[in-house]
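Labels run A, B, C and D following the written order; every chain starts at residue 1.
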Amino acid sequence: MLLARRTEERLIRLYHQGRIFGGVYAGIGQEAIGAATTLNSRPEDLFSPLIRDMTVHIGRGETVLNIFRQYLGRATGPTGGRDGNVHYGNLSLGVLTMVSHLGAMLPVIVGAVIARRRRGSESIGFAYFGDGASSTGDFHEALNFASVMDVPVVFVLENNQYAYSTPVSRQYRCRNLADRAVGYGMEGYRVDGNDAVGLYLFVQRLSRKIRHEARPVLLECETMRMRGHGEHDDFSYVPKSLLRKFSRRDPIVRAVKTLVEAGVISEEDFSALDGECRQEVDRAYRRALAEPEPDPATLEEGVYAPRGNDLS
Amino acid sequence: MRREEMTYLEAIRDGLRHALRDDPRVVVFGEDVGRFGGAFKLTAGLQEEFGEERVFDTPVSESAILGGAVGMGLCGLLPVAELQFVDFGMTAFHQILANAGTTYYRTANPVPITVRAPCGGGFGGGPFHSEDLEALFSHVPGVKVVYPAFPSDARGLIYSAIFDPNPVIFLENKYLYRRVKQLLSEQFEPEDLGAARVCRDGDDAVVITYGAMVHEALQAADELTAEQGYDVMVLDLRTLKPYDRDAVLAAAAATNRVMVVHEAWRTCGYGAEIVAFVAEQVFHLLDAPPVRVTAPDVPIPFAPSLEAAYRPSVGKIKRELLNLIEY
Amino acid sequence: MLLARRTEERLIRLYHQGRIFGGVYAGIGQEAIGAATTLNSRPEDLFSPLIRDMTVHIGRGETVLNIFRQYLGRATGPTGGRDGNVHYGNLSLGVLTMVSHLGAMLPVIVGAVIARRRRGSESIGFAYFGDGASSTGDFHEALNFASVMDVPVVFVLENNQYAYSTPVSRQYRCRNLADRAVGYGMEGYRVDGNDAVGLYLFVQRLSRKIRHEARPVLLECETMRMRGHGEHDDFSYVPKSLLRKFSRRDPIVRAVKTLVEAGVISEEDFSALDGECRQEVDRAYRRALAEPEPDPATLEEGVYAPRGNDLS
Amino acid sequence: MRREEMTYLEAIRDGLRHALRDDPRVVVFGEDVGRFGGAFKLTAGLQEEFGEERVFDTPVSESAILGGAVGMGLCGLLPVAELQFVDFGMTAFHQILANAGTTYYRTANPVPITVRAPCGGGFGGGPFHSEDLEALFSHVPGVKVVYPAFPSDARGLIYSAIFDPNPVIFLENKYLYRRVKQLLSEQFEPEDLGAARVCRDGDDAVVITYGAMVHEALQAADELTAEQGYDVMVLDLRTLKPYDRDAVLAAAAATNRVMVVHEAWRTCGYGAEIVAFVAEQVFHLLDAPPVRVTAPDVPIPFAPSLEAAYRPSVGKIKRELLNLIEY
């Protein structure tokens, strides 16, 4: 969580200094969700993060270096500069690379989990998406498909109160989005998405259960987008009171408090960790910056996979 | 007559405002278009001016937006639906192809809807925020496709699109939104759909194009005149379906050398249609093979170095024009 | 109901005699649904029937003559031979003309009701679709959209146990499809779709309520497709026991029984009515048959509406 | 060597069966494809032979089917998804354009999926069961598009499509399903993607075509030879993207007169690409303007009288060929 926070903070600064091309979309305030889920996963599990899920990438072992390479469009990055900012993944870490179309990754991860299980693994999936994405047809088709086909995917709905400028009151009219689960014959829960420790324990039980039962589940995590939709957006449409309320529930502050109180770590441990994170971010940024941009001569290469490419 | 300078984006907003003022049946909707004014702030101020009944936000549901527009159009409104990016319209292409495109032919009930869709790249949008999909829309029977290059056209054409009794896909170029300005008369004039316009005269060759590439073509032509003394005509199609056949043929006949330029992919791109049409119709008038200058068949890359190589540039157009003229 | 039944029976016969080009898709056994809903409607209401909803067309006043014209592809029919069989409607009767894409009409009728109400009428909508269509993304987008926008549409889900060859057990895993309503913040009911009288009374209350409250509602009608998907399909995949069970619940037989028992009509009235229906079907078929096919010279006419076409 | 007579439909089934037998990673799924064997009974018997794990039904959810296929392909299966009709694939075109088309370019992870889609009209299917949408698919970077005309090609190409490491849109022509038969060797041979084939030789003109229209073109050519003594080449493209440029150019060079025929709509149809390509590349070799014979830009009509006028016919092709040859 902390490493993700520090990375995003740096990306935000770089964006406002005009040093990031494209855009920056931050998940600040939502870090508990990716952390609690990846910490409960096994190597064979699959993930489809969206734009606010840096903790999923980091939780699965992606390096901060690769993340800066990606944002800086370097040839060395996960997409080699062919795609930008949040559109990266790493299949060897079980992380799919998103497309922008909201909802469109949900059937993909369902298919991916089907494949892994047919090939003999006990893989389960974690699919992340927002309150806005819950209005797309793909959300519906994917949840129903997963249910009918008995595919164990945790549909992690990050309800952060807004889809771009649109508040949840104009996005849906059910009480909670978790209420949709019954319509798919799956279990649905609404939980506090800013309580990392509580979420960790909850997902621990949940993931064991669905791995065993091979059933999907809808997990609505209540949280808040603490920045604009992207850094170009001043989010003046968000009431200050809402931001204040959620800044009192900052997932990192809360987690540290719980862990310190429980005697798991000390304040000093935390400061030391923070220092390391900042250093790692610094180092990674500087290194990525020094690396080359993609060579325009490669533009038309790799549109099609060559025959004989290993398909396994 | 007073004149104001307007960007391409402001001109579209002004066209919307005129339509909203002139006819209570006009409604404007889409994701974030209301109080927020849309992802590009194009509709900024319209909800304030016309109220939430006329200008409203929707959930993230492209099929509900497009299908909903068809229903509204059938039952007495003049809906203007915004796709936040044209790319996302592909989640509901069937609403265009089936409901919008065929209903008048099958039932004689008009479907007077307008779908606004920001298109095109050149700003680091990557593969899913930079597409130009005019070839797909133009293949659909029963819809019209418009793609303006100038503020004055954009303003007049959006207005005419709204009052046209057919489904009109109104493609807007994001690269032009704030880059192109024009002095527009305060007195508003609609612009007829369907007519192309010669926006630069010349007789050594013609570049047939639309959208952002009109500006690149104009610059290429100006530079060629300055550097080599050649005079290249630039024909801005403005409406892509149905397109202005007479203007295309006249331009080919006047120059005997034809180039089509677009930012979209090459294979089965819009340029293929124009080149094929010219080859079929006025083959004997051509002094050189027609030429397409387009993006390659590659997902739109993010990195500036790659995107610069991807997008047709003034330099590339000039080089190809020289080849064409000196063939 | 009776007129629709007799019309479909004739169409089926004609199909098997090779006299109908294209296909025939029958709603036999499902007639109560269209009847009970249209009988509760007002002239300004809107309808989007699908392939099994002949009683919606007839209930709104479409003539059997027009229906035969449509099936025979006559120039005089509702689509002038440009579209076939079930793809017809009549906007002056409030009936939209379907496209084949399942679910795709649902947003259309939502938009249509919005338009009528904005233009000052108290219109409500009745949208018909099957268990198969409930799996499409469009179903989801339309129900959510209607709910968020407060659009009074009765989403009439005709659960007839099959989508082509696919039984409901492979279509969804919720208990009842009506369970999806809560996920849209609307009311949902599951009712007996073969009980015309009961359904009529139920819809009477329901339509009053939603007209007043301007809210959508999901109404799942349990019924059974008593024929193949189309007449080309021998539906051997349907267990005979299921067909037997539902043939004991035939909506016409049941309605007549109830009405006779209640003294509303006599057996003789029914026989007389049946005779009239058969005659009307005969007359209509013969007349339609004598009418011209569309002139191929008109093929390219009417793709675009001309300017000045009345848009109101 | 024993040979069996197979229809186009049986040949595709046989290709599927071979792929299912040869590799346990192959799975076949879609609406009603299991026990029922699909709307056209093309997959009949496959579930029985290979079990419900390998051949299975899905809900009516095209985006789940296509997106699910992408996920399966990324994680170790070789999925073959069936669209019941190509028309309904338009409800999920974004899965083709975004997920299938761009993933390898962006991530270097192959997406080895096959999407089977019945296409075309001629049987009273009306506007939503008769479409030919190859132009739309062929515009998408990163996907391959195949459209066979003969049983032997269909069998060999479906097999190769399944084992190709890229997304392949495999278009099948419904009109040919049971109408075309061929004697096929029992010993199975895959057919390489990407190669066109001259299926009739001739030097007076070439008809470049694919799918159902290959058969109409062959008949037109035969009749022209019989009636007028002209010899017309017929080039069957077989793979539409990427298409066989060399074969197209060779055919143009050998005949100097080029016609493209397809059943799909004219504007921005696939024929535009081929005509444009020929005009660009071998303009100087052409003795007459290239010609497109296509359907008009009209929703596909239901009534037999209208559909007969809509679909390119042998008579129409012959007339246009005569014009072309005698130009």
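Note that in this section a residue touches a chain if its C-beta (ideal position, glycine included) is under 8 Å from a C-beta of that chain, and two chains touch if they have at least 3 such contacts.
All values derive from a computational prediction rather than experimental measurement.
Enquirer: State the smallest step count from subunit A to subunit C, taking one step as a move to a touching chain.
Expert: The distance in steps between these two chains is 1.
Enquirer: Quick check for the class: compute each chain's Cα centroid; which one is farthest from the centroid of subunit C?
Expert: Max centre-to-centre separation from subunit C belongs to A.
Enquirer: Using the average of all C-alpha atoms in each chain as its centre, how far is it in Å between subunit C and subunit D?
Expert: Their C-alpha centroids are separated by 35 Å.
Enquirer: Measuring centre to centre with CA averages, how many angstrom lie between subunit B and subunit D?
Expert: Using C-alpha averages as centres, the distance is 31 Å.
Enquirer: Averaging only over C-alpha atoms, locate the centres of subunit B and subunit C and give their separation in whole Å.
Expert: A distance of 40 Å separates the two centres.
Enquirer: Note the residues in subunit B that touch 2 or more other chains, in rising order.
Expert: Only 58-59, 61-63, 87-88, 90-92, 94, 98, 102, 105-106, 127-128, 141-142, 242, 297-299 qualify.
Enquirer: Could you check subunit A for residues that touch two or more other chains and list them?
Expert: 79, 82-83, 87, 99-101, 104, 135-138, 141, 144-145, 148, 170-172, 303
Enquirer: Is the chain-to-chain touch network here best called a line, a ring, a star, complete, or other?
Expert: complete
Enquirer: For the complex, which residues does subunit D have touching subunit A?
Expert: 25, 27, 53, 58-59, 61-79, 91, 94-95, 98-99, 102-112, 141-142, 144, 164-166, 242
Enquirer: In their shared complex, at which residues does subunit A touch subunit B?
Expert: Residue list for subunit A touching subunit B: 21-23, 73-75, 79, 81-85, 87, 99-104, 132-133, 135-138, 163-166, 170-172, 237, 293-296, 298-300, 303.
Enquirer: Where on subunit B is subunit A touching in the complex?
Expert: 31-32, 35-36, 39, 57-63, 85, 87-88, 90-92, 124-129, 296-299, 301-306, 308-310
Enquirer: With touch defined as at the start, can you tell me which subunit B residues reach subunit D in the complex?
Expert: Listed in rising order, the residues of subunit B that touch subunit D are 63, 87-88, 90-94, 97-98, 101-102, 105-106, 127-128, 131, 135-136, 138-142, 241-242, 265, 267-273, 275-281, 283-284, 286, 288-292, 297-299.
Enquirer: Quick check on the complex: what are the subunit A residues that touch subunit C?
Expert: 135-141, 144-145, 147-148, 170-175, 177, 179-186
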